[in-house]
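Take a look at the structures below.
Each of the two complexes below includes chain A, the first together with chain B, the second together with chain C.
Coming up: the complex of A and B.
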């Protein structure tokens, strides 16, 4: 029998393997911190002080609010990547979906002749629909014409960004403004602020969305089907799951999350659509990394997103307080990801070998 | 045998069994799996020592410490799996370790003559000079019997001898058994097949849970009584091997073609499987069997033809609709198609049931119900797994296949398609899967068995099709098939029928 449960040559080796296979994320973080400290010692910096400043920059006083405000869109974009990833699909089109969502939210909030709150609700829903449909195009292309989603999602970013650029430069431009920006959204069509000027009620929207996704993942029929697809698509299809329909719907849901993020930023923070403002902070790619680290599992992905938020915002604090540029936090982030990726590769290698 | 007791760690395999067999009779030892038949026979044959009890032969107390002892006392055993040298001839196998010698050399003429004489006397019809590896299973079994007779066995134990035989071969075996009995030899026939017991034996001892449940005289009993003794309850008795219901085709494939061009992978295949029938598709792997099955279940598109399941036309419908119409499918590759290795047993066993109560209500899963159901299946199919939340990737091939079988057979689907269902499995797991399929057939389902293992097809199927280069080249009842004939057809010789 070609057993998968063949005992390994000896128990010691087995334990060693198990240690590598199951070494959790914390070990990678500790190793990254040690490497970071080494870099600082080489460059004659006090590593304890630097790390203290990162922590202070992320969590102390108003900094905690900044971290949370940064975590809201980042967590949203993490979910936009994690949902498809749970089913084994990679969504590289977060930027395009984010921009589509933000643009549509702005259009509706500016021009729809409805009373304020209704306009706000319609704007958010329309943003999610538009971004969801935009993402679903890629899935449909794969299902219908076998265009790999890995490529189509990535390429679809460009037309979306280009279209939005055109819109804010010409038809939607606020002519009184020197920058390519739209008019301001009326105050009654904005998301209510929790802390004026720094945190909007998009936090609540995001908490609800994440809660629903976790519930979906753990407790619902389509969540179960998506998870099994991620573990073995052939098995899922054999078991009667409609893979094509599932791909389109899942990409729609991922895109809708990105659209929600776009609407949240436009209607809760900037109150207008500014060219490039949604993609510059790199929420999409940091979110994709967070999702990849957790393999699409929503709770882990949220944890990773929160960790990256703290690290990035902490980096600003560190830069202010010390002579070290905040790129150091990007280095730490990269080391953690490399370590975890190595571990995943090693796991596969050991399983084969 | 009197008061035989045998304990294994955690199990009392034999609990005070008395078994009395008269000279010259055919005595059936019956019981379900785990009733203690095999243990009792192993004790008789000297493979195990009893913890208590004694064995008497012709009134004398004997004690066998090994099979060699047992053989010396005139016992012979024919095992389920044969112990023969496939590259040697029949006579060489028969005389092995008891060779007639002349000046230190094997006396070949004498050996051959003795083997031939024994074969003729009991109607075994074995050519002493044939090479064992080329002989069909039924003949190999008769060689095992010859081996025992050559050592002048007065008592022959046949352990599930018909499991590997076609019906035709069974009839031959029964004739041999009667010849042996009339020669005042005693036969202990270990089996769980009622029809055979009724047909050939004189008396019956039924074991259940390590004890004698019943002693019966064959002429005075009936299948219901035996079944009740075996199972300890009143079982709705479906006459084993009731005729297939030929008016009820559950799977009907007409002119099915997969692929294009002058030589499509599946080329105009038509087949029917009726209720209560196992249809076996034999063929060398790669002659379109996999594609045929995938087209039937809906994993692959077909270019032409129709597929009906229990009267519903499912051609062109998605796989889920076909499953709902009544298909269960045990796929060829349990680790790639049949399971998700990284998923738990619960998840693997739930797929396909998770959309309906009790596993879900509306859109929400009932995780507890999923686990309870998984635990039930693990127990019923005796899957060896730490618990229901263990990933199935850690299981052995046999247990993994049981996971697949447990899920698919619990669909109670009208049509069961099993593709290479026992490939790579050990004897125990193979037997388990085979019995499960026979049980499905006897429950009135239609079973389509695809196997490149001829013995599997021959021992299970009621009707045999042979597939060659995408076509069905032969269609025959199982009792008209033999390995030689099928082998030729599989190799591309012109078929008929």
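Coming up: the complex of A and C.
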């Protein structure tokens, strides 16, 4: 009878396992912070000071505005990865789509003979279309020719970046400028500023876009179908979902988000297309990590994007204060993803065993 | 001067080596039933470790050894996370690529206090070996001779991997693990052990590839210098249908594309466009190949 009162050792172990495995994301973050501290101790730095500077750099005073401003494009690129990921597809082509969007937005904003606001709207829409189509090529290649999208999205980055670089260095270059940059976009074709010089209305665009995506995910049939695909594509297919069309449309939507980011950086922040400026901050890969952290679920992905944004802006502050390279924060991010992927597997493994 | 001459083939061979080594790494994993995309990051880590090792230990040999060790340790993450804990190998691969990218830039600044490119005349690179008899053959002598030992080793490795996979017991078991893991397990072959070993060996190959990249054709490290070669290697495995000779063929094709791109640049085409050539050719080759075979 005593057996019934007291849990079996095995059951106890299981409960213990369950408690540890219960919330993988916070634990991965904590472990990554500990590993990061170890790296700092090895490289002779004071880890407490470093983490304090990261927090200060992310949240104190005007830094909070920088964090929000950084979070806008990052959240957009997170969505560009999260939408396909929700359906079990990996979009590694964010850089190419981002650059395509930025380039097309610049072209339209510079040259289209329309009054200011109309030109702005057309520029944003054109950027989303161009980037969406560029992403859809990869999906189309997969459904039509069985070219794996994981590879094709990545390979398509290079021609896009090369083409944009060529355009901005030769045909579209502002010859009076020493750097490879286009002319400035006319003031009335720019996105209005919320805080002059640091935050543009792209924040509002992004909030609307993210809201629509969350709504799509939670409340619409196609959103449900996409989640179903993510859980089990075969089942989704047997259930009558057109997998091919779904893949192309989802990638189009993901690419369009990247295009929106490209347009909002060019028209809201830099007002011209500068060679390399869109890809250097690494929004694409950080966004992909944020999306992976939440497994494509949009609310979680936004939270992860905000977290990474604070971490990276904190990294800039840390670099100024302690002369430790801010790439430390990229290392922390990668460690978090590795821990999480390993833990997700561990969970599956224990359940099997 | 035309596009094709002996110098072109010499630089083709140089470009082929890292791709070939990384592709062999992918091939071994593929044969063990693991699809990995970590080559890009492992190669980059190897390239950085090779330069750091050569600098601090004062010799290219030490650089190569440290490159191999570093990439093996990093691939241990994939072996542990992907094989022992059954994590998603693609996500882990992405994580390793980003970790290598961040860590190499971080350490470049911490150890050398440099951003961008580390280059120093005192940095010891790999010598070009002059092979006595072959070097004297007019024409191809100059192409085949004068490469680094890693290049020659990579050719031997094509044969070695071939023999290992198709002529040895271990190779047979490895293929069994890849094709039908459960069946292999019932025959007493440890699937996990073979897969973990395959990943670690592929880590070593990627380390060699990285060392060739940073101490072979040039003697420097620049941020992100693997520049997509790891991904091209992933495609080379698909195109070569995971056969060593096929993979060699695909790697040569991409190396040639790389070299022709460089040459076109010399003929006046803007390098922004020619830089994309290897990737576009990779993509086209992939489309043509899967249309015929449906690899995916």
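Assume the second predicted complex is superposed on the first by the 327 of 353 C-alpha atoms of A that agree within 3 Å, B and C clash if a C-alpha of one lies under 4 Å from a C-alpha of the other, contacts with A are read in each partner's own complex, and residues count from 1 in each chain.
Keep in mind that, in the parts below, a contact is a pair of C-beta atoms (placed from the backbone, for glycine too) under 8 Å apart; a residue touches a chain by one contact, two chains touch by 3 or more.
From a predicted model like this one, the values you see are computed outputs, not experimental measurements.
Contact with neither chain B nor chain C is seen for A:253 once the two complexes are overlaid on the shared chain. In the superposition on chain A, A:338 makes contact with chain C only, not with chain B. In the superposed model, A:203 makes contact with neither chain B nor chain C. When the two complexes are overlaid on their common chain A, residue A:242 makes contact with chain B while staying clear of chain C.
Contacts of A:328 after superposition: chain C is touched, whereas chain B is not reached. In the superposed model, A:292 makes contact with chain C only, not with chain B.
Annotation for chain A, partner touching more residues between chain B and chain C: C. In the superposition on the C-alpha atoms of chain A, no part of chain A is touched by chain B in one complex and by chain C in the other. Within the complex formed with chain B, the residues of chain A that make contact are 1-5, 219-225, 227-228, 231-232, 234-242. Across the complex, chain C is touched by residues 43, 90, 92, 141-142, 145-148, 150-152, 154-159, 161-163, 165-166, 169-170, 285, 288-289, 292, 324-325, 327-328, 330-331, 333-335, 337-338, 341-346, 348-349, 352 of chain A. Residues of chain C that touch chain A in their complex: 37, 77, 80-82, 85-88, 90-92, 94-96, 98-99, 101-103, 105-106, 109-110, 228, 231, 234-235, 238, 270, 272-273, 275-276, 279-280, 282-283, 286-287, 290-291, 294-296.
Those residues of chain B lying in contact with chain A across their complex are 297, 299, 318-320, 323, 329, 331, 335-343, 347, 350-352, 354-355, 360, 363-365, 367, 393-398, 424-426.
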